[in-house]
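Here it is, the structure, as structure tokens.
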Amino acid sequence: MAQPDFKNFPKLRQKLWVLVFGTETRAGKVFDIVLLWAIVLSVLSVMLESVKELNDQFGNVFAILEWSFTILFSIEYLLRILITRKPRKYVFSFFGIVDLLALLPTYLTLIFAGGSYLMVIRTIRLLRIMRILKLSRYLREASVLGNALIASRHKIFVFIGSVFTLVMIVGTLMYIVESGENSTFTSIPRGIYWAIVTVTTVGYGDISPQTTLGQGLASLLMLMGYAIIAVPTGIVTSEIASAEFERRASESNEKKCDLCGNTVHDHDAEYCKKCGNQI
Amino acid sequence: MAQPDFKNFPKLRQKLWVLVFGTETRAGKVFDIVLLWAIVLSVLSVMLESVKELNDQFGNVFAILEWSFTILFSIEYLLRILITRKPRKYVFSFFGIVDLLALLPTYLTLIFAGGSYLMVIRTIRLLRIMRILKLSRYLREASVLGNALIASRHKIFVFIGSVFTLVMIVGTLMYIVESGENSTFTSIPRGIYWAIVTVTTVGYGDISPQTTLGQGLASLLMLMGYAIIAVPTGIVTSEIASAEFERRASESNEKKCDLCGNTVHDHDAEYCKKCGNQI
Amino acid sequence: MAQPDFKNFPKLRQKLWVLVFGTETRAGKVFDIVLLWAIVLSVLSVMLESVKELNDQFGNVFAILEWSFTILFSIEYLLRILITRKPRKYVFSFFGIVDLLALLPTYLTLIFAGGSYLMVIRTIRLLRIMRILKLSRYLREASVLGNALIASRHKIFVFIGSVFTLVMIVGTLMYIVESGENSTFTSIPRGIYWAIVTVTTVGYGDISPQTTLGQGLASLLMLMGYAIIAVPTGIVTSEIASAEFERRASESNEKKCDLCGNTVHDHDAEYCKKCGNQI
Amino acid sequence: MAQPDFKNFPKLRQKLWVLVFGTETRAGKVFDIVLLWAIVLSVLSVMLESVKELNDQFGNVFAILEWSFTILFSIEYLLRILITRKPRKYVFSFFGIVDLLALLPTYLTLIFAGGSYLMVIRTIRLLRIMRILKLSRYLREASVLGNALIASRHKIFVFIGSVFTLVMIVGTLMYIVESGENSTFTSIPRGIYWAIVTVTTVGYGDISPQTTLGQGLASLLMLMGYAIIAVPTGIVTSEIASAEFERRASESNEKKCDLCGNTVHDHDAEYCKKCGNQI
């Protein structure tokens, strides 16, 4: 993150900015690492609190931890708003909203009970780890994955639509076939739920066909699921492969045209494809 | 859909045609969107009707909704037949048959009970959404997926045949091995059903081997299923990748060099990369 | 199948050869189709016989069917031996052995009970369908799949070996962790069986971890299984893709050298790569 | 393994070195094969010992076998240290550490009970099989797989991170939704465990949603798992494919044309395809 223009900044505010937003200095790094550990511990604390035996024994400890972390994060949040030059931009940025959502649940418990579990939203704050480790490399990889998914969004949309239609029809058929003799297929929505569980090859087994006809239909659905699972894999693989191919192609074709400066040439090019100059 | 020649059409019929079949005008769009919502609501109503608690309480509401939608769709169906110039072509087209099948189940309930669940066939009518959104792009994507599946149909046929033979032999072996000590393997067809559930990695667990020999055999089948699932994925991926490759190749190679006749140019080339001539 | 030299054949034997082994004439085709239906029906009969309710009611029918089909197939087997010119070659060929194995189980039931289920081996005889439909195309596809698997056998061997080592170590660890509190992990072999069920994502649920440590270990194994399943898919896909690529490359490069007749040239070749002649 | 310089070695030590470390001579091969069988038998013995019925009956046999194998391996371990010229290097090598870890558990049982199951670590010693069979080919294949995984480690890291975040959030949501009416979702960690079981498509069924909202959420997670499983497959496939491509490219492009310097030739080319010069 480029350090903003500090001409008119008071000294303290500038120092705090470096501490809270910066990652270059030793102090900035220490701040971020302490923050990450606080996030990890607060999420762990929420999770362990949900285990009845632990809550019975250490209920007070969890309550104290929860409020300590929440107050800590509240101070951090206010600090970020105070020291940044564009508070509005921060508040409505992705991390600004996540930081706020990570605070609210504890305050909500003063009004409703149980809201504290929503604090698990704090896990998203762990994404800050990327900034510390300067994982620009990881971001690039993430963007390759993301682009592959975006590039294949139309195919995925068609695919999800087909799966939904299949699942609705098979789920209804199974309800018609099984509902008489099988107490687990109690309604069409449950039949559709079963069809999704089956076609994705999850297969809990809490709902399973009992009649011969139902088992035959289920076998067909499973074999179709087998073929169907190949489709998203094929789509994503093909996208990733071609994204990789293009990245490599652009890396390797570093021949530069003396005339127009165009650097993207094929490995067997003898003339620049932009200006016609011989390379 | 190209608008037909209306020279000899009466005025009203032409207007209705634009409303019902057209998607260009505002009225045509509104008609299609209302229709889609009616389809979604009628399917939802059928599904919720199958939930016993809801049916006990709102049984009359569902019956009224069902008949309202059916009468609405009947009017729409008759309208389509009346206003189109080639009624026979519409009646025997894919959408014509689906439109009819979506009506019949309700009328059948006057004769049989329970037929109303077949109304789920109405979901197929949702494919009309593609026409509204002018999703020619989606259709192209669907056709890429479809072509990939068609191109690999011989390989898939061989693959399904091999899986079936494997499943029949393993299912029978498991029946022989398990039937003595395990009350869930009651017949060979159930053994085959178990083998399909296992090889597709669904694994309900309602039928599972108990003897050591059976568990060993099951382990082998699972590891084979692991390898086998790679085959359809490999087939489809390879087809999608080559379909993508060809589409891109044909998009980019539209330019031919006048001088040397070289036709393989990048999509952004302005000069031939073989002889340097301007394209 | 090329028809053999019949110079010294008696007339009847030749006619029978065409009927039994041939697929060109109408009579030969009819014989093969009748045979296939007999195989399908005999396999179905064996399967349905294993369903207790059906066997109680139609036990005699199944026994009669079983013996009828077996006698029919025995006659066919003897006929094949008698009319072929090289009986030894047929007897020890793949189909010769399968034909014999499909007969033996019924005769074995005169000595042992229960052997009749081995008749399911008759399903393999269905592979004869390929000869009737002249599915040379399917055989080619099958050989592409087969070659892809053979070409990647070293990678698959390494992969299976790694999975086995992983499964043995995790299965033992789970036995150590769970055996105290969980009655389903009764021995290390059962632990290994559970690990295979989990890593292949089958997940029956008849054996599942109960302790927190065991569930954590199981979660790790599942996530590894997620990554591991990508490996065979990657291997097979890559092999199929390159096999396809080579087949297409050899199909498309039909440029033929006038001098040496070599037809495999790259699309951008200007000189024959075998003899140096300009194309 | 290159045989070390034996100039100053005593005769017996040299002979033992060839026997224990060598694989070239007949004696060296026999030693290795006997060792492998001893490892396999000792691992099998540990596994069968854990089966209660067998342990009750043959407990003494297992104890004797265990100690025999352990003493045998101890002698082998000491021998390896004594005869190698660089004992420290062996002791701290991968196989040196594994050899020691394979011995310790039995001695530990003199102090603790139950430690003997850790002997399963002996399975890792089976990797020595690669040395005997001179499976340099397998090692190369393993390194292709390994490199593919290493090359895609950044993508896999991003992917695992995303899956973890998803699983934590969905697991918590399910706990909030289900905990009231479903006795299987007892805490957030169990919810997360369920989410991992579901998203990896393992699906034991020991924990499964009962409420309509929970089943809807589960359906969404399953469909996401469907899409998500495509990502690691795509990553690994793309890496393996490009690794294969590069290996082939480097194998085939060994020839350089003296005249025009073009280096991209097919493996079977005898003349340059650019200028027709003999290579």
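Note that the chains are named A, B, C and D in the order they appear, and that numbering of residues resets to 1 at the start of each chain.
What we mean here is this: a contact is a pair of C-beta atoms (placed from the backbone, for glycine too) under 8 Å apart; a residue touches a chain by one contact, two chains touch by 3 or more.
All values reported here derive from a predicted model rather than from experimental measurement.
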item: Chain of greatest Cα-centre distance to chain D; value: B
item: Inter-copy rotation, chain B to chain C, in degrees (Cα atoms; steps of 5); value: 90
item: Centre-of-Cα separation between chain D and chain C, whole angstrom; value: 29
item: Centroid spacing, where centroids are CA-atom means, of chain A and chain C in whole angstrom; value: 42
item: In chain A, residues with contacts to at least two other chains; value: 189, 192, 201-205, 229, 233, 235, 237, 241, 268
item: Chain D-touching residues of chain A, taken from the complex the two chains share; value: 43, 46-48, 50-52, 114, 117-118, 120-121, 123-124, 126-127, 137-138, 141-142, 144-145, 148, 156, 160, 163, 189-190, 192-193, 196-197, 200-206, 229, 232-233, 235-237, 239-241, 244-245, 248, 267-268
item: Interface residues, chain B side, partner chain D - complex; value: 201-205, 233, 237
item: Chain C residues touching chain D - in the complex, by the definition given at the top; value: 154-155, 157-159, 165, 168-169, 172, 175-176, 186-189, 192, 198, 201-205, 208, 212, 215-216, 218-219, 222-223, 225-227, 229-231, 233-235, 237-238, 241-242, 264-266, 268-278
